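In what comes next, subunit A is part of two complexes: it sits with subunit B in the first one and with subunit C in the second one.
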Partner chain A sequence: MADMKIGAYICQGCGIGDRVDTAQLASVAKREGKAAVAREHEFLCNAEGVKMIQDDIANEGVNHVVIAACSRRAKTEAFSFDGVCISRANLREGVIWVRPDTDEARETTQEMADDYVRMACAETKYQKMPEASGEQGLTRHLLVVGGGISGMTAALEAAKTGYKVDLVEKTGQLGGVAGEMYKKYPDKAPYNVLADNTTGAMVEAVNANGNITVHLNTSVTKTDGAPGRFTVSLATESGASKDVTVGAIIQATGFTPYDMSKLPELGGGKSPDVMDQLAFEKMVKANGGAIKKADGSEAKNVVFVQCAGQRSEQPGHLPYCSGHCCMTSIKQARYVKEAGGDATVIFDDLRTPGADGEDVYRGGQEAGVTFSKGKVSAVEAAGKGLKVNYNDRILAEDTSIDADIVVLATGMVPNSGPNPYVKLDLEMAEKDGNAELVEKLKAEVEKAPPSILNLMYRQGTDVPHLKHGFTDSHFICFPYETRRTGIYTAGPVRRPMDAHQAIEDATGATLKAIQACENAAIGRAAHPRSGDLSFPSFRKEGCTQCKRCTVECPFGAINEDDKGYPQYNEARCRRCGTCMGACPVRVISFENYSVETVGQQLKAVDMPDEFSEKPRLLVLACENDAYPALDMAGMTRQEYSAYARIIPVRCLGSVNTIWITDALNSGYDGVMLMGCQKGDNYQCHFVKGSEIAHIRMSKIDDTLTQLNLEKERVQTYEVSIADIQRIPQIINDMEKLIGEIGMSPFKF
Partner chain B sequence: MSDMNQAMVEKYRSSFLKEVEANVEEGHWVKMCMQCGVCSGSCPLGPHWEHPPQEIFMMIRAGKREDVLSSSSMWMCTSCYNCIARCPRGLPITHIMHGLATYAKRLGLQPKNQPTAKFSQLFWNNLTKTGRVNELKLGLALYFMNGIGPGIKTALKMQDVGLGMLKTGRLNPLEILGGHSIKDKSGLQKMLKKAFEIEEAQIKDYKG
Partner chain C sequence: MSEVIATNQTILVVGGGISGLTAALEAAECGKQVILLEKSPSVGGRVSQLHKYFPKLCVPSCGLEIQYRRLKANKNVRLLTMAEVTQISGEAGNFTVSVKVAPRYVNENCTACGECEKAVSAEFDDEFNYGLKKRKGAYLVSNMAYPQRFVIDPRIAATDDGAKAKAACKYGAVDLEMAEQNLSLNVGAVVWATGWKPYDAARIQPYGYDRYDNVITNVEFERMLDPFGPTGGKIVRPSDGKTPQNIAFIQCAGSRDQNHLKHCSRICCMATLKQTTYVKEQLGDACKSTVYYIDIRAIDRIDDFHRKVKEDTNVTFVKSKVANITAGSDGNVLLNGVDTEGYNRYRNEHDLVVLATGMESTVPAGVFPAGININEHNFIELDGDSGIYGAGCSSDALDVNRAAQNATAAALRAIQVVTRVAGQEG
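Right, the complex of A and B next:
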């Protein structure tokens, strides 16, 4: 915008007017913030106050609005003005609510408010209105990979909304594992009975649906593009190939039962009458409900061994619980009771989650299934049958039970593609010459399954994993969003689950996929910055092709061109700014969030001299958890140091180390970075941002040493949204620490 | 081994659980136990039980017939109903304990010299004789349950209480002569006999 005109509006409501001198704030905005217009109002968020701002936008040509009132998280609807840049000075939650209303505190409280007004003016000076990239395309068309219960649900749900669907199935028929079931437990009350398998009807519905195109014996050979405009090549076994253009992709590739031949102590692979749950299901289905041994004779006693090779720390076993197996065994035990036999379930912990699960369990007990709490040590041949040796955990004794058939409740192994980061890590290790790691990673790459999506992404061919091969997503806040925007995983490939959960999961994933298509069409971001129109761009002249941004992007959004320059993909981008934080030459920026918008804020703060006994602490707080927690600290009137100046950042990953250097150079006594929990149980809303920031900050010590400053002056914290008491405490601790180590010598 | 016990062993050779379901009051609930152990943890006498309720249920399912029926555990139940109030599955545990005790007694398997078992018999005999509980006789019978020596000791220890009750008219010494009874004594006894016969027949004819 050529002629920027800043309007600053200072609210006196909610006690702000009583606690700080708003006339002084208005004059700060005018004199220091270069605001053309600065007005006070006693109740800025009411109709009259909002109209005052609107009038200035319409009549005075104000195009940058500074709202000095409550937190940027409050009153967002009232303070939403189209076509202008808005920045907010947090005088309520960030100043008066965290400071005591005393005469001694008045001066520092006013200084705090003055600084926040200066910062908001400085921020908006460097903001531009986000503009569309022109890359958008609306494609109301989904690709669903996998024709099991999850995939079919996704296809049907999408078709219901009028979306077209290409459903790709590797095998020659739809239905997946659910199609193999003899019966299922019901999806509505009463749950204590068995219901007929309805997968067949679902297959028919899919085949009959005009919006769904089914591709059997087909796999995906190439996926390129971005949400809203993926180009996918499909190849059938016969060699025919076809390209489709889709807006979003749902990967519902399901699971494979854990290979029970790895459990020889439980008879896995040793006797045909020891089988996993899926094999038992197929056998009962094939016999129309009769329970038969491999030799064709009737089986009278069936023993179900729960947690076979799972929930076990033994090498090669699955450490996790697959969730469905207890319910499945109860269901299968009822087949046995219906056929007139005896069924015993030997469990360690019987887990039947939910009200329906409890009824399924009760139904099994009512039907006369015997449940024994015990740990099975061995399954061995005994005469014509089998003998299950176990330790009874209630009676505390070793005992055994005879069986005609033993069913092992083995776990779910996700059918995900290779984890792309193994290959990338291998590249790194090769570059670093770390021979040991290279060997290890090479072995992993060799073991990896074939790619499912064959993405043409800088960061590999498939959706990244979290643990044990399950695909990664933010489990707490947005479970469907994988680390590849516009690609959603659903069903047991995401986490172990039963068919009911898979149906729910697929329905949710479909909704998100449709959202992704619609968002991509208008250039809006997906979660967690949903609706954001800004996206990163870079100044090519300054770029050194270091590739840090393309490597560190947690979402694999950035490709590289032939020369190694980054290629940003607006629709793939989640707008976290991790690329911006990574860039050593600071050429990456968003229109409304850049190295400048934050850097100028921290420089705008009035810096008292070394002898004033007024230190300055810069707090860069993640806007997802740390900043709301700080707001809540204000709401609950937790007090914290008047010397803290808090700047919200999109993600700790977007923090460029230049901000730290600038802050130290301009005389800040301490710098605090607050991000979300990192690691396997991460809460970081951008998955890797917090982790990457921690790594970067671990290297800041060199900078501090060069400046001859104490290392303690820069601290990085993992905080959660619930740390309402802790965050004020750590800020106060920092103030105390500065008191001990002394003020920074870099003040002017 | 009583004839009836022998007959039951024959009849339910394969499943003690089925035997319990057929013959024990509320026995059909045993299969519904989910082994959470809340009953055992809630029982005020739990630490003194040989097998707490959770374990008894598991033993029934594991077919440990002798161990269960000859156990003193269910005789330890004081009917405080804590377990019933707390059982997440709603099992009438107190009733099942009494049912198991009754069944064990009927088969003659209850532990010898189990005081609760002995007192129960005394109570039953006392009550069914006249149709009313003769408190004086029941009290004395309880004192002398373990022989003359301990009986005299207990009686001497309790004499102040006894005298106090006499003084306030809470105890009639003439009751020692036989005491009062209900109007139709023989009618009651006929009724009890019939009820016993019906129960016996039910057990015999039960097809589990």
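Right, the complex of A and C next:
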């Protein structure tokens, strides 16, 4: 690459020119920021201003561009130049809009602007253009694990998009649970009728598709590599094995019905005529629609008990709702009605959501199914049949109903692999010598199901669990935000769902798998830093093999070689920088984001002396939440301290404690870290970043003690993007606190 | 607008809410060319008007910020705001789409400095706040608005205010000569994601939304929580601005009802449970919440949210479809009905009523070519290779998670069409 040539472009628009001396900013950029070119413009984001910059790139050899104008979040498209490093000094939202336009404020406002120009120059000086790692390869080939309706959908949709698929099924046939159904709900309105099961046709379509290779009686014994270049070993029951190379993986391993023998009070396991929904479905299918008891006689009365062993905090029960069971019971009750029997559904809340759900409910009512709001206490033998005791919630009385067959609507238990974090936690507990925790975790590891993917990842063999044993997935905006890039789970292993939803889910997961392949081919990051071409690298000579980076990576992107050095897998990485924050010897960096790009910014700030009464507050702000909130504080003209200097970070997890130490050593009076909510309801889009930062910062007290500084000078906050008024207040409170405890003595 | 280049390998996404954004970005990040149309001046849709999401109680703008960043960074997506589809003809792989683009009267020179807003004086109902607040005739939709560009209300374009806005803009961004434009786009596939609107509560006559100030809708309640919203973030009674002490939430207001929306709108139970947490957070023990419901539908992994709310002693659940609402004293209202658990008649006084109004699909009539199947609930049915795919709440009443999931699936279906076209054309 040619020599670095910095061009600094200072906008005078939106009042910047009226409020600060832009000629001085240009001079700061040249003298202190070492900008070769520094130009002021009255309206930098218009076509003329942008052209001025483009001309300098084309004719003057400017390859590092400093835009001193509005926030990096504004006019992003105008200030986007290919092939050069870009750094933004936020003079509008970050300076003039958060400071009063008064004579007294003028000096400190100018100081803020000067500093942001210094910082932007310092940042870009240490930035490089991201270059390809050489790991890229295009593999338009997916692995789908599980041959039920979710897996078959994924395979067919991928094939239809021109991808090849290896479809692995543990049993001897495709179809899964959906294949066992007697009838199903129709795919289209009207939904209040029953339709024939079409799983068989789907199996045929899979078998006939030239892009799909089906592997029955097969499991995955080893998965190595990364998106774009996974090597997967498949083994059949007979011992034959085969390796396939795939670009991405969809895990659609489905569910197992909850073991109803855990519900003896409801007759589970006690009578052959008490069965779960799947057993009932199989029985009706086997009998061609006739409803028969275990002894072969016709069943006239069938009672469906909803929420059996679920939606309950009782030990051994499922705490969640399985979503499909109300709809399924209504369907099965209609089998009974069609066969001429009576069917009663005893429910707590009848859950038939959406457009199809309510039609299904009405269809059941029209077919003569009895719905009764009640709570079942016991199912017991009575003569040749069964008796269901329940509290009728409408009549508010205890009562009972006789039944030939009782169907327990038990829940879905996901067929997940072991949660890798249990083993990792065990590893940590053993290291810490926490005997009690070791025992507890050991027991959990022993209970864990066998691995499904057998990932050769430092961070464990399988996709992490998120809640109640269901695999990874963000709950809300990003349903496919998985912690193992390029591996997507779909269907009831991800959350409880019916077949219709499983088809939708598998189709979405297929897109994400395809996208992972396409991203890997060009070295581009997946969500949330979509399109980022940088990736972490490390200096081996400095590395102490401490393994913190491999342990803390939320995405399992980093393996260890035999000697304990990290091995990066670009396509698994999400570019959060948690590894960079973890590294005690600071050998990990991205080309455009590193210990230096941030460290040099904070050092570039002009530090007034101890007696100036002008403290300096360093704010490291999450780029997705805290930083936009600060922008919006500017837009809504909330004022905050002129002494704050704000640096956006990719994630609080990327904050290396050296920045804190450097800041304190260079005389900052306070350091504030602003990240997202941590814990069970975490809001960090890198999952663990904020949490890890809080843990690291809890250990910064030693540093403060060594420096003989007050602990209050360094604080970590959980904030959200909506804290537009709160964050300025927090900053102002810190300024006030510094006023009370005094300035830092470390100003040289 | 002649620079808009679309071909039959382009995917058109109609609607810039959470579903449309998701579909457009997921397709674009697979390398496909996408045009994203949004009818209003900013993308973000209904979710941008929400205070928090269930079940995490996190802030919708957090996810939107990520989506907007993806949008800014991706050159495969072309965004057109204030644009509405009037007609689609043709077939999968080759659609002709007529689009009407309303004038914004502000061009791309706009820096969002806000000078035009200061210069004008006329005020109008603020759509972003469901008319609960006024905005100027020159305005930015919200703090999160994207594109971050002002709008001149057409009602001031030809007035003195319009001229003042133009004079105040130093950047030549106000262009009062802009006129409506009609575009014709050739695209290969369409993802229809125009979302939902709240069911018109005034049509549920027995509840008196149009008669009682203190009967409001759940979307209006949501706006009350925004510090920049109509009440500065405070939960108050519209009639007198007082803090309520006894709020009623009425479920299935317009949903699951043969006279209104036949379908269950899916989100309203969780939305109400969420809103009871707003009440608790802001007013603590000083305000009680009562939820009148038929069935509480807190589906799947988030059922524990329901249980947690049930543990709150300030929240009471009454299994009942409220029969009607009558006037009480001091702006209070009386809810009349039968508690079906035990069959007890009640007449309960409340000082604020929140109607959990349902989701009404906005799929239009007369726009689609023959063969596109719109069901009786006005949702687009998935129909093989029709080339036009409903996404999010154009396909069913869905929560945000399912909408995003469904939109991702719709994006793949659209990709399959344009991939096939590309294959045929070599």
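Operating definition for what follows: the second predicted complex is superposed on the first by the 743 of 748 C-alpha atoms of A that agree within 3 Å, B and C clash if a C-alpha of one lies under 4 Å from a C-alpha of the other, contacts with A are read in each partner's own complex, and residues count from 1 in each chain.
The rule we apply is simple: a contact is a pair of C-beta atoms (placed from the backbone, for glycine too) under 8 Å apart; a residue touches a chain by one contact, two chains touch by 3 or more.
Predicted, not measured: the structure shown is a model, and the values here were computed from it.
S.K.: In the superposition on subunit A, see if there is space for subunit B and subunit C together, and answer fit or clash.
M.R.: clash
S.K.: For A:359, decide between first (touching subunit B), second (touching subunit C), both and neither.
M.R.: Once the two structures are laid over each other on A, A:359 reaches subunit C alone.
S.K.: Output check: A:208 vs subunit B and subunit C. Expected answer is one of first, second, both, neither. What do you get?
M.R.: Neither partner.
S.K.: With both structures superposed, pick whichever of subunit B and subunit C touches the larger number of subunit A residues.
M.R.: C
S.K.: In the overlay, answer first, second, both or neither for which of subunit B and subunit C A:350 touches.
M.R.: both
S.K.: On the A-aligned overlay, A:478 touches which partner chain: subunit B = first, subunit C = second, or both, or neither?
M.R.: The second partner, subunit C, only.
S.K.: Regarding the shared-chain residue A:394, is it in contact with subunit B (first), subunit C (second), both, or neither?
M.R.: Touch status of A:394: both partners.
S.K.: Figure out whether A:725 sits in contact with subunit B (first) or subunit C (second), or with both, or with neither.
M.R.: Only subunit C; A:725 stays clear of subunit B.
S.K.: For A:370 in the superposed arrangement: first (subunit B), second (subunit C), both or neither?
M.R.: The answer is first: A:370 touches subunit B but not subunit C.
S.K.: Can you tell which stretch of subunit B bumps into subunit C once we superpose, 39-47, 57-65, 111-119 or 147-155?
M.R.: Clashing stretch of subunit B against subunit C: 39-47.
S.K.: Take the contacts of subunit A with subunit B and those with subunit C, and give the residues found in both.
M.R.: Shared contact residues on subunit A (touching subunit B in one complex, subunit C in the other): 350, 373, 394-395.
S.K.: Which of the residues in subunit A end up touching subunit B in this complex?
M.R.: Per the stated touch rule, the residues are 350, 361-362, 365-366, 368, 370-373, 392, 394-395, 399.
S.K.: Which part of subunit C faces subunit A closely enough to touch in the complex?
M.R.: The contact residues of subunit C facing subunit A are 18, 25-27, 29-31, 53, 55-63, 65-67, 69-70, 72-74, 109, 111-113, 143-144, 148, 170-171, 227-228, 256, 262-264, 266, 295-304, 307, 319, 340-343, 373, 375-377, 379, 381-383, 396-398, 400-402, 404-409, 411-413, 415-416, 419, 423.
S.K.: What does subunit A use to touch subunit C in their complex?
M.R.: The contact residues of subunit A facing subunit C are 13-15, 43, 45-46, 70, 73-77, 157, 160-162, 187-190, 311, 313, 319-323, 347, 349-359, 373, 393-396, 467-468, 470, 475-480, 495-497, 501, 504-505, 507-508, 510-512, 514-515, 518-519, 527-528, 530-531, 624-625, 628, 632, 635-636, 676-677, 681, 683, 685, 720-722, 724-725.
S.K.: Help me check something: in the complex, which residues belonging to subunit B touch subunit A?
M.R.: 17, 31-32, 34-35, 54-55, 58-59, 61-62, 64, 89
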